[in-house]
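In this document, chain identifiers A, B and C correspond to the written order of the chains, with residue numbering beginning at 1 in each.
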Amino acid sequence: MLVVFFVMPFGIMVAVSFFRRQQGGFYTPDFVFSNYERFLTPFFGGVLGFSLMLAGLVAVVCVVLGFPFTFLLSRLHRRTQIVWLVALLSVLSLSEVIIGFAWSTLFSRTAGITNLLVAAGLMAEPVALLPGFGAVLTGMVYQALPYTILVLYPALARLDPTLLEAARTLGASPARAFLNVVVPALRDTILATVIMVFVFALGSYLLPQILGRPQHWTLSVLITDQAIYQSNMPFAAAMAVFLVLVSLSLVGLTLLIGRREAAA
Amino acid sequence: MTGRILRRAYLALIALFLAGPLIVVAGVSVNAKKTLLFPPQGFSLSWYGDIFTEPDWRGALVASLVLAALAAALAVAIALPLAWFLWRRVAPWARVFQLLGVAPFLLPPVITALGFLSFWATAGLYGQPWTAVISHAIFFVTLPLVTLSLGFAAVDRSLVEAAATMGADDRTVFRTIVVPLILPYLVSGYAFAFVLSLNEYIVAYMTVGFTMETLPIKIFNALRYGYTPTMASVTVLFVAMAAVVFGLVARFGDLPKLLGAWSAEEH
Amino acid sequence: MSGLVLESITKRFGSFVAVDDVAMSVPQGTFVCMLGPSGCGKTTLLRMIAGLEEPSAGRIVIDGEDVTGVPTHKRDFGMVFQSLALFPHLDVAGNIAYPLRIRGRSRTEQRARVDELLTLVQLPGLGDRQAANLSGGQRQRVAIARALALAPRLFLLDEPLSALDAKLREAMQVELRQLQQKLGITTIVVTHDQREAMTMADLVVVMGEGRIRQTAPPIEVYRNPADAFVADFIGSTNLLAVEADSAGRAIVAGAPVPDLAMPAGVTRAVMSIRPEDVHLTGPADATIRGRVTFVRDLGGTIETYVDMAGTAITAVATPRERPAVTVGDDVGIVLPAENCVVLAS
């Protein structure tokens, strides 16, 4: 029974990778390298570089914002924690479409934050905050932050409270203790989280498109674009394979860090 | 204590950041006219009504609910035997299955969506509504798998042995001892998968986007082709639904534990 | 031939031998205690009898029937686990009735039997309580009642009283024994507490390092330990090196022990004598002499530690026989021959 249930998903995965190798899908079931050759163009190189840089930036920002937050969260009363967790899960469940819609509204000229600021008298007139790099960054950080927090949560919730207490008795202020004790103690967790958020951010297929200009488009956007609008399945598949390899190697890295941490 | 104020302020700031867009969207959703304005001019709940009265929005709503309900059920149905198997046989090669179960979630959704697209297209089944159910189920199987693994881990093995000494064979043990004990985890796994399926866009789009519209797909299309505050009201509805479901899970189960903390008694 | 018979039972985990060629014959209605330090294989042996582990070699025969290959749920016995393993999702009655319920017995039959058992273990009327709301002793009894629900022919208990506090444990030992006598059921208890074994058992099986060292009634094991291991494990004892002199007398710490002869052909051995059998007198009144190194006055008993030319010996006496000695005194040590057991170490 189990075998049947497992052939299905497994089969799909295998079949999928099979297809990509063949550059099949919709068009000529041919075995060409031309799709992969396109990787070597400066255009693609630019997109790749930008995607990596953006994902990295998002990961760092999220962890920098999220780590202190998760730490504070884990120190709250259990009841309050539950309220926060429900809220975080609710935000996490939002699809990229909805987040894209919400932020595009928020950044728009007619229905956004600037309207609020104008109404409050802090600004002269409303302004469209998108499209732009800042908009893309904000949207992606918004998408990745709940994920970051929930990934950090187990480690911080299980953190030994006596570590901090010991630091306090030795004369460290709470902020000092946090920086000198908690952060180094969870160094591996932080690194692993940065990597996981990086992989997560790489998968943003809509936000760069809605909130940014074409120069802000990432690899995932291209994949979606090629697969659906340009009907160029093989190229999309090739890019996807590439993305998978990058993701898998990063995930593998995370596991290695985890193993090292467990052994320590 | 400046420390306390700083802490509160930080939490409040993050809260504002997270809630901000939702507040704006909520505001837009009650705008009187069919434009997106914030702060809203006039007040109208008609856009919420539209979800249920306008045929295409209602159709999309029904499609989403049915898809989510079936996909979550299938995900649980796949995850349960797997988790049970992993718990019974603590074998090293069983880890492979564990990894396989978690895999769909680790990769960017685009990839998975594309993978399913290729698969169904080649199988000649592209576009059938039930392919979305299977795709979603496999994509989300990680969630019930994780909650069930936690549930099984919490079951004292000596209970199974005791039942055996009293004459229960494997199936009876499963039916009378294991299932009652992991039921809360089963339910929460279903709840997670349900909510995420409801909101999910890209996999649904790539598998059945041309034949069937779920609400996220409809919102996206509306984004491109015509704004209407109904989009906003749907968003608010979704968030509210998610909050309710997760709230229920929290009410009847141990949410922090499900997410990785110690249980209340352990610490 | 009724009762339990184990033939050449061996259990290997990889290269580690947990149970080494164990043979045992338990007559119907006997109360057996398997006693030994942790890691000696007693729990593994019990689990093999229960079918929860498979022996690497050997046979298990219950009432003439070879059950070695029979799965656990088909063997007819009741078991109490160390953790009690009460089902948290069922109340007391649900737990006790479980074996009946899964066999499809009627509700009325279940209820009647539950009431009967609750009365037997002295917990009448507690059927609808949750296991978590019971005291340790009450949970213990529920576990016992549940194991006996189908009146099995074999009753197995794995360190059943280890989770209870000392006073309760002592009381339960007596109760368990009385229950067994009343029902006449063949019972095997695994424990590391020798007081428990002495209180409850008809037969004590002392195990060490996977092998049976001695099988005998409790007082036999105490008085006549089979070897140094048993002597040391049961109660406390003095283990003294003893040699034979040219005349075949036993020499301890350089001096002969009056009236004690070494077994024929044995020149060196180990001798066991219980501290309560060691008497202290004035230095001139005994052949063996020593010096007091420590006195421990516990109120009910006094322990005196004496050094005899490099060998330590402990004497225990009640206050009435209080030897008037302090640290540093020279004393004479009397080792009555009838209390000395020369052992094959």
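Definition applied: contacts are C-beta pairs under 8 Å (C-beta built on N, C-alpha and C of every residue); 3 or more make two chains touch, one makes a residue touch a chain.
Quick caveat: nothing in here was measured; it's all calculated off a predicted structure.
Contacts between chains trace an open chain of neighbours here, each touching only the next in line.
Here the chain at the heart of the shown protein, by mean C-alpha position, is B.
With centres taken as mean Cα positions, subunit C sits 56 Å from subunit B. Subunit C has its Cα centroid 62 Å from the Cα centroid of subunit A. Put simply, the C-alpha centre of subunit A and that of subunit B have 18 angstrom between them. Residues 3, 7, 10-11, 14, 17-22, 24-25, 28, 35-39, 77-78, 81-82, 85, 97, 100, 103-104, 106-111, 114-119, 121-122, 134, 138, 141, 195-196, 198-202, 205-206, 216, 219-220, 223, 231-232, 235, 238-239, 242-243, 246-247, 250, 255-256, 259-262, 264 of subunit B are the ones touching subunit A in the complex.
Interface residues of subunit B facing subunit C in the complex, by the touch rule stated above, are 156, 158-159, 161-169, 172, 176-177, 180-181.
On the side of subunit A, the complex with subunit B involves touching residues 1-2, 5-6, 8-10, 12-13, 15-16, 19-20, 24-26, 65, 68-69, 72-74, 78, 81-82, 85-91, 93-106, 108, 110-113, 115-116, 119, 142, 145-146, 150, 153-155, 157-158, 173-175, 199-200, 202-203, 205-206, 210, 220, 223-224, 227-228, 233, 236-237, 240, 243-244, 247-248, 251. Across the interface of their complex, subunit B is touched by residues 50-52, 71-75, 77-79, 81-83, 85, 87-89, 98-99, 101-103, 146-147, 149-150, 156 of subunit C.
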